[in-house]
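Listed below are the structures to be examined.
Two complexes, one shared chain (chain A), two partners (chain B, chain C).
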Partner chain A sequence: MEFQVSNKAKMLTTVLMAVGIVFTLVGVVMAMGDHQLGTKIYSNMLVNSFFFFGIGLGALFFLALQYATETGWYAVIKRVIEAVAGFLPFGIGMMLVTLLTLSFTHGGHVYMWMDPDTVAHDSLVSGKSAYLNQAFFWIRTIAYMAIYFIFWRGFKNRSIQQDQNADMAIDLHFKNYRKGAAFLVFFAYFSSTSSWDWIMSIDTHWFSTLFGWYTFAGTWCSTMIVLVTLTLYLKKKGYLPKVNESHIHDLGKWTFATSFLWSYLWFSQFMLIWYANIPEEVTYYLTRRDNFTFLYFGMFFINFAFPMLILMSRDAKRHAGILTFVGLIIFAGHWLDVWVMVMPGTIGPKASVGLLDLGMAVLCLGFFVRVVLTNLTKAPLVAVNHPFLDESLHHDI
Partner chain B sequence: MHKEAAIREPLILGHKSYHQITEDVCKPIEDKAPKMWYILFTIAAVIGLYGVGCILYLLGTGIGTWGLNKTVGWAWDITNFVWWVGIGHAGTLISAVLLLFRQKWRMAINRSAEAMTIFAVFMAGLFPLIHMGRIWVAYWVMPLPNQFGSLWVNFNSPLLWDVFAISTYLTVSLIFWYIGLLPDFATIRDRVKKPIPKRMYSMLSFGWTGRAKHWNRFELVSLVLAGVATPLVFSVHSIVSFDFATSVIPGWHTTIFPPYFVAGAVFSGFAMVQTLMLVMRKAMNLEAYIHTKHVEYMNIVIMVTGSIVGVAYLTELFVSWYSGVEYEAYAFINRATGPYWWAYWSMMTCNVISPQLMWVKKWRRNLMFTFVMSIIVNIGMWFERFVIIVTSVHRDYLPSSWSMFYPTHIDIGIFVGTIGLFFVFFLLFARFFPVLALNEVKTILKSSGESFKNGQAHSGADELADLKNTNN
Partner chain C sequence: MADTVIYAMYDDDDVLKDGAKKLVSKGVKVTEVFSPFPIHGIDPIIGVKNTRLGIMAFLYGLTGLMLATIGMNYFMIQDWPMNIGGKPNGTYLQNFLAFVPISFEFTVLCGAHGMAITYLLRNKNLPGMPAQNPDPRTTDDKFVMELRLSENKNFSAEDLTAMVKETGIVELDQKELK
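The block that comes next holds the complex of A and B.
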């Protein structure tokens, strides 16, 4: 079955992007004369490019995970995952533009270690310059992007090949199995180091060993929300007749589980630093506690309590309305999580979610949805020769 | 109906019927124990008794009989405690988390893994108790209303959280395990002829009759317990890690500890399952149920968790430098190059490098190789706890108090003794309990049984044969 982006969807995404641009422009005009305007724009570029890049990458990770674990149930929604993973090249583009901008503005008050003045006067920052320097940073960034891109293209090509060539389906499947495992190895390292490079280094003085896994859990959760809401949308439009309640239930479980994983890691990192109360570590949470009390703890409350209370029951995980409702709220919650990881270190205590922030987020959201929907049109909605398709069609839990 | 793709390997080999499964599982219980069982049991019992002797000596004399000193106040005791708790992780992971992931292969191993879990947690619980020195006041760790004036537990202490976490874990694992045993006990009860065993199994099975209502309640309570057990898999070892990570000791205070300890626990737990299963499948003729594919799956779990642990080691190492904190960096330099370098490099070799060999399919499907690996992993995980605990405290902030830890024969005796006791329990379990969840395994026979998968057996005829057999 071929998917077509409906006119309504086209119009809605266009409206989103237009509203985003208008908001952004109004936000910029209102902030004219503010010496932090540049930093505000750069920080928002980082927040949104990281957030949406993360979802594309998260979908690629999830796909690789399904291959490597020889999962069967997901076969009917494989194309949905691939469509979201298809945002990856665009996400890479957004990240590269952001990081290049920061590189050429001495870090733009986002990465203070990129600023030669700071490095010269701050012994803690200069102590890290063997790792945090422009050349090595770019070597790492390009390596991450190149390897992610190569894996993504490989999975995509093999998936199409498998559709067209039934005889090779099993061979391609085992190739995906091996490549999936290989991707996970790279991802295990890169997901940590890239989050240190792109996010943790904003608060250059601060460090936390758990940071990489925490960031990854948030990304994964946002990805699952996108996958479940997109599947529900397609099903509602009549595109995925073979997707039954059990598939939805499984996606719901993943959303629930990754929310818990994220909350668990949030708590582990927060509690240990709060409990030990060591000055060089606790400063990170002090700014968030004192200047972002409502946003920071509100964000945690939303991302933890909503899925926990509402998605606990089996029926809720099978209910399109409840899943979408909770999903959209915690989607915003996880965006806020990224926002609050970035802003206190860049803008400082006075940062707030304003028109500029919302505008850029909505613009990127519209773009993201449009790209994903367009990706769906590029391949049949069911991967017909997937060796586990029969298992997936009979999925019943 | 449940479908299984043709490319998946069967989980039950050969031509088995429902009746044959019952026969295969119950036979070792009904027959006389082989000579080997008596030999192993005697060895384990002697070692266990020696350990009990050491414990009694310790209790009578005081924990000064351990090699602890004023700098190293925690050493083998806590190392052994964490090691055993870690081993006791596989059971619940297999029965709860793998249940959620619908991994059918777990059915062949969950019963014995859960038994192993419970015995391992027994051994773990022993160490904090005897570490108290005055075990007769052990109940003071409970927040009981008392007449001792201001004596009250410290709710801010992760050690107290441990008391709650581990006792909850033990309770839930025990109930989960026992509920699963009920129908299987009833099967044995219905088969044995001798009056005394019949009475015993009758009592153990709590009057299970297999009525629809029983199965209904059984399934409901299993689901609830699986739900309760899943967060416990994470909480127990997270809280054990808090014992260290809430402190301000370099090398202990690091935020990655909770998830990394959980991964390490699963890693060592699966290694112990492998050690036990590889012997048991042979000794009890269960090769058709626990075969190469199961071993391969478990090896993959070992490889993945070992790699997670490896990533965590490297993260810690990197951040100790990145942090710019002198003490933090020294803790790690001291681990790798200080007087305990041999422990650090044993840990690195056993836990990070050796699991990587499992990438070779031929090796991870080789039973002998797996057996050796499982022992290596358990040695490595013991060293991991030793490295974390002893190397972080033996050189503290004050160089004048730097010292070393040397175990006494009581340290060694108690540790080895717990291994003996563990095997005593496990051998008794293997002798008298159904080691395979036979009623559960039957549910996958038709979808994952070899003869059903390749079309040699047809369910209809077999069902008839089964009916006849059960009526006999």
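The block that comes next holds the complex of A and C.
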């Protein structure tokens, strides 16, 4: 069945983007004369481009995971995952614009290691300059983006090809299987190192080996929330009649499980640093504890307690209303997570979620939803020649 | 309790499933199905209720969490406050973070053991207990459906046998329980 973006959805996303632009402009006008205005804009660009890029990448990772493990149940919602993964090129574009802007402004007080003045006077930063320098940073960034993009295009093309040639379906399936496994190998390294490069290097003096996994778990959880809400939306509109309660239950389980993965990694990083109590490590948490007490711990409480308490039972994971409610709340929670990863290191203790922050987030959200819905129109909603489609149609747990 | 039990044996799970559907649509109550592997979709047909093991798992986990908290509070705070790495040991809350991993582990331990033991007890399946299945071949390649006369008061034993025979069985056995 072909998907059509309804006029209501078109209007809603346009309104979201318009409200976002208005909020951003009002926020900029209100902050006129603030010497941190530039940093504020750059930081928000980084927060939002990373958050939404992460969702596209998370969907690509999830798709590769299904291919590599030869999973059957997901076949009927494969196009939903692909539509979200289809945001990847836009996400890459947003990231590149942000990083280029930062490069041309000597880090814009976001990446202090990009500022030659700081590097010259700060022995810790200059000690890291063998890794953290503009040339190597761009080599790595371009390598990540190019490899993600190439894999994404390959999966997308093979998926369409499989729809058109029934006799090639099995060959393409095994090709996807190999490429999926190869992608996971790249992703295992790149998800860690890219989060060090893009996010952890903001607090240049600080480092944590768990940071990559923690960031990745957050993006994965946001991805699962998007997938489950999008599937529920399509099912409610009657586009996915073959999706049954078991598929929804499985997506709900993934949301529940990734929330726990994220909470587990957040806590592991926090507790190890708390226990060791080494000055250069605890600074990261001291800034957040003293100046962002409510946002930081509130964000953790929401992202951990809501899915744990509400999504624990089997019935809740099959209930569209409960899933959407919890999903939307922790979606905001994970956006806030990225926000508190970035802001304390760039703007400092005085950062707060204002009109500018909300406006840019809403603008990007509207854009993201519009792109994903448009992606859905570009291919039939069910991948007819997927070898496991029959298994997926009879999915029953 | 005197009862007549009918065991119908099949050599294909799909035939059994179709047979069960046919019998249930005529108002017959199927008591139990024995199979070497889980048959997908048989539960709603013969009216097996959803398992309540999950609820028990939650309760066992909660018990573990409480036991761990009471234990650690007594060992590490009340009875013999220990100074480990200079961490505060005045109250439980001050050192709460250090207790989280143990609380988690003990929750999982109690949840897992409680579930396993409940499962084995409920299925009368503890090591050494006599087997419940009517025929050892149901652990190999045969499938058996069990009907009880006491649960099918509207039918006679002959009616049930006749209906079962139409569903593609390979063997039929009838037992009188005393």
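Following the convention adopted for this analysis, the second predicted complex is superposed on the first by the 397 of 397 C-alpha atoms of A that agree within 3 Å, B and C clash if a C-alpha of one lies under 4 Å from a C-alpha of the other, contacts with A are read in each partner's own complex, and residues count from 1 in each chain.
One rule holds in what follows: a contact is a pair of C-beta atoms (placed from the backbone, for glycine too) under 8 Å apart; a residue touches a chain by one contact, two chains touch by 3 or more.
Note that the coordinates shown come from a computational prediction; the quantities given were computed from them, not determined experimentally.
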Could you check whether chain B and chain C clash or fit when both are placed on chain A? clash
With both complexes superposed on chain A, which partner does A:E280 reach: first (chain B), second (chain C), both or neither? first
Between chain B and chain C, whom does A:S313 touch in the aligned arrangement: first, second, both, or neither? second
In the overlaid three-chain picture, which partner chain does A:G154 touch, first (chain B) or second (chain C), both, or neither? neither
If you stack the two complexes on chain A, which partner ends up touching A:D390: first (chain B), second (chain C), both, or neither? first
By residue count, is chain A touched more by chain B or by chain C? B
State whether A:G354 touches chain B only (first), chain C only (second), both chains, or neither. neither
Check whether A:K128 is in contact with chain B, with chain C, with both or with neither, and answer first, second, both or neither. first
Out of 55-63, 199-207 or 379-387, where does chain B collide with chain C after the chain A superposition? 199-207
Across the two complexes, find the residues of chain A that touch chain B and also touch chain C. 271, 275, 394, 396
Given the complex, residues on chain A that touch chain C span 267, 270-271, 274-275, 277, 312-314, 394, 396
Residues of chain B defined as touching chain A within the complex: 1-8, 100, 102, 231, 234, 238, 242, 245-248, 253-259, 307-308, 311-312, 315-316, 319, 322-325
Residues on chain C engaged by chain A in the complex (per definition of touch): 40-41, 50, 54, 58, 85-87, 97-98, 100-101
Can you tell me which positions in chain A touch chain B when the two form their complex? 70, 72, 124, 127-128, 131, 170, 173, 185, 188-189, 192, 196, 207-213, 253, 260, 264-265, 268-269, 271-273, 275-276, 278, 280, 387-388, 390-391, 393-394, 396-397
